[in-house]
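Scrolling down, you'll hit the structures one after another.
Here come two complexes built around chain A, the first alongside chain B, the second alongside chain C.
And then the complex of A and B:
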């Protein structure tokens, strides 16, 4: 891949990751949110793939395929099942309303851009310039975990944080060791499986997936 | 080339763009209605119906409310005049429109805003409740769409180092990879949301309804009749065509004349008509499958557009 094409595809994919993070705040329908997460997982895999091809790094290409499979397919499918099993698949009343949280996301993006300037200055490669997008995804994920009420939305927030960290790791270093990436991916997968079981339990016990209503212990 | 020839050429180009947009805009409205009707299983009015309606309106007697002041009379004229000025200097069929160096994107937005504000004032002028309601709604949406549009323009201007529209379109032709850049795509995505809001299309306002609870634009023009109403419909269709024309020329600039000459200009006009018609058909198809948003959910949509534009601006700064 030659210089400008490499830079612009990488930029496009990093941009897609950030836009997907914003879409999860924008849309109320949980199934649309999960779809955005799947697209984000694929874009993350594509970033790793582009870097792998650019650096002729076979291990990174394997990591890219793993990321696409786990974050683009398996995790969204698991979450999709939770969403379809509950009839009220909408984030009806988030703690911060949608326009305000979108403006919050814009502010967080600026914060990420400003805060990562020293980091960007440290990394000499082209990929290093896109590190702020990863940080912005991470911050939006935290924000999403704070302001959303549904269990699924909070899992999505956690996954956004994870994807943001993974993007920064891919862009800032010349690829993460396979073992580390494998460990991180499996960790998140396990967390989603546990949360899926937990959500199913919540659904059968209480009939809601709203974490705010779980304030007191029950016998 | 002598000075006289230059001026005559500029006048010809501006005149051709204005006439194409005025006639083509009405035809565009006809095409959009036709597509909607066909998709809904109706035959629908003929495509040239808006032109016939306009001719009928202009032959009618001039009727104005007794309380109307000059503001009411001036509003449709200002609406059409601002649209004409912007159409004349915009890079619609050629990247070298007359007075192209003054076709700054920000300036164009503010000239168009002058038209919207004058229409809102005209609606307020007679003091009817509908006019006031329509104006207040239109201004609320306008006030939310405006910052998004300005940030979207900023996002497009940062990589090009200019907010001059002809130069932006020309750079799209010269460097096609600039169009695929994320900041352009994000900014144009937000531009689409803003066009739908500003021209009163479906998720924001239903152009076909006269239901008092939901209407925005129709409520504003309720008091107009005859030639005044004709001017309002003409101005609105010109604005829709202009905005769509700018969108398609920023998104797919191919076909726009990049050098002076009659042949390439005529090709440019044809390409413009084709691209805008396709965009109109796409919007009409989208409208069939979508419902109107609740008025209180419209800010959510526009906030989304604003954030897209903001992300575009941030990406543009990151990459620079």
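And then the complex of A and C:
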């Protein structure tokens, strides 16, 4: 892959990841949100693939395929099942409404550019320039976990955080060592499975998937 | 070799427990396995206390005095908790709340938890340590939800969501440390081993390391139960079965703190002590203030103990902020002393919950008259926890305050003493309500079986011996403090 094409594809894919994060804030339909998450997973895999091809790094290419399979296919399918099994597949009443959330996302993106100055300064490569996009995705993930009250929305927020971190890891260091990478991906997959099991228990025992209904424990 | 045995024995015992529906011997098998771990910890400590660190599996596992100390802590609290688990499961099965299959799942999960915690402290590599800590998050979720009530479901949900976010931040911090290590010198080559990170710590890029240590303190701090990401702690501790609460309080929180200690040493090299110190003082004081204010009006005795764990984690964060050898040795002693005292209290409170059927402070009276053994254990546990002599928490708290004053953190030490005074008053008043008063007329004192009381008495005696003589751990504490202190 030659220089300009490499840079622009990488930029496009990193941009798609951030756009998907914003889409999860914009759309209220949970199935649309899960689709955006799948697209984001594929884009993340594509980033790793581009870097792997560019650097002739076979390990990174394998990791890229694994990321596409788990974050682009397996995890969205798991989440999709929860969404279709519950009748109200919409985020009915987020604490912050949609226009305000989008403004919040813009502010967080600026914050991400500011906070990552030292990181970008340290990395001389083209890929390093896109690190703020990963941070922005991560912050939007936090934001959506705070303002959304559906169980599924919170899992989506967690996955946004995780995808943001993975993007930073790929762009900044071309991936952490393989053992750690595999362990981390496996842990995320397991966490989603556990959350799904808990959501199913919640649904079957109490008939709600809304976290506002869970308020037994407080001081 | 011993390190491998310490990992393999609980793992193998876990697989063995998965084979059959639960019988009492399955429970004792867990206790025996953790007993072996404790012996391995002692063996490792004897080898590394005066000598060089031991490595196994080509450096994947690495044991120095600090990890050996943590193995001993995990072993002691683990033996206590698995011992009481037998009784907990017995009671759950007799009352029909839990099937034998479900009970054997509990044993498997506890052993899995222990294996992951041991891997975290034995790993020579920060990445592997992270994976192990994250694995315990997932395992503990099921342990918290083991009783399958509405409250425990809510607690497990909060626990896994908040801790996953926290641990994700810790991962980002780890990635940034790796990035900084990659850009040391001219060749792009680095790994995530403790030893190599410590060796290059002075050359790590300060800008990146500042961001990294902030994320690590916040991230691992979530699992330690430090503010501002502490809100999972009271729910998870109060809803989990009592032995699991003891394990979380004594092992889970402190292993996450162990990770912080290691990273702090690296950050000290890259940034100087001031920045990491400010971070730790901030989260430590905030945790103390929150714990003190919520303890005042606490109505549930398990939640009371949970907030007290938050208090003690705040105290050791302040101790680590001071960072001198004296401070770190006191922090480590405090970790063990708190684990013992809090373990005794949680396990006693599990027994109280089982016999009284409520965890509300207002509904339990006159334990000293009605159940002298349980009441006595609770009373002495409380005395130990509140830092009165002769127990070791007195010594460690005193030395932490001394070390903080020496490095110019006297003002923080003063605030912490004030919070401790408030907490002392609050817990004494709750404790008085639980323990004293006249029992109902005609009710005879209930006996508590010796199998419950003996290990708990042993733990309290151990805590007192440590407080008076610092024997047999003084040498190990000194060696362990040297690993991470400046």
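As a convention for this text, the second predicted complex is superposed on the first by the 216 of 219 C-alpha atoms of A that agree within 3 Å, B and C clash if a C-alpha of one lies under 4 Å from a C-alpha of the other, contacts with A are read in each partner's own complex, and residues count from 1 in each chain.
Criterion: contacts are C-beta pairs under 8 Å (C-beta built on N, C-alpha and C of every residue); 3 or more make two chains touch, one makes a residue touch a chain.
Model, not experiment: these values are computed from the prediction.
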(Q) Based on the shared chain A superposition, would you classify chain B and chain C as clashing or fitting together? (A) fit
**Q.** Dominant toucher of chain A (residue count), chain B or chain C
**A.** C
(Q) Let me test your reading of the model: by the given contact rule, A:98 touches which partner, first (chain B), second (chain C), both or neither? (A) first
Q: For the superposed three-chain arrangement, provide the angle chain B-chain A-chain C between C-alpha centres, rounded in steps of 10 degrees.
A: 150
Q: Check whether A:173 is in contact with chain B, with chain C, with both or with neither, and answer first, second, both or neither.
A: second
Q | First, second, both or neither for A:119, with chain B first and chain C second | A | second
Q) Which of the two partners, first being chain B and second being chain C, lies in contact with A:19: first, second, both, or neither? A) first
(Q) By the touch definition at the top of the document, which applies to A:4: first (chain B), second (chain C), both, or neither? (A) first
Q: Examine A:77 and indicate which partner it touches, taking first as chain B and second as chain C; both and neither are also allowed.
A: neither
Q. Rounded to the nearest angstrom, what is the minimum C-alpha distance from chain B to chain C in the superposition?
A. 18
Q: For chain A, give the residues common to its interface with chain B and its interface with chain C.
A: none
(Q) Quick check on the complex: what are the chain B residues that touch chain A? (A) 177, 180-183, 185-186, 299-300, 302-304, 306-308, 310-311, 314-315, 317-319
Q.
Give the list of chain A residues in touch with chain B in this complex.
A. 4-5, 8, 11-12, 14-16, 18-19, 22, 26, 98-99, 102-103, 105-106, 109-110, 113, 129-130, 132-133, 136
Q. Tell me, which parts of chain A touch chain C in their complex?
A. 115-119, 121-123, 138, 142, 145, 151, 154, 158, 161-162, 165, 168-169, 172-173, 176-177, 179-180, 183-184, 187, 190-191, 194-195, 198, 201-202, 205-206, 211, 214-217, 219
Q. Can you name the residues of chain C that touch chain A in the complex?
A. 125, 127-128, 130-131, 134-135, 137-138, 141-142, 145, 148, 150-151, 153-158, 160-161, 164-165, 168, 171-172, 174-176, 178-180, 182-183, 191-192, 205, 207-208, 210-211, 234-235, 238-239, 294, 297-298, 303
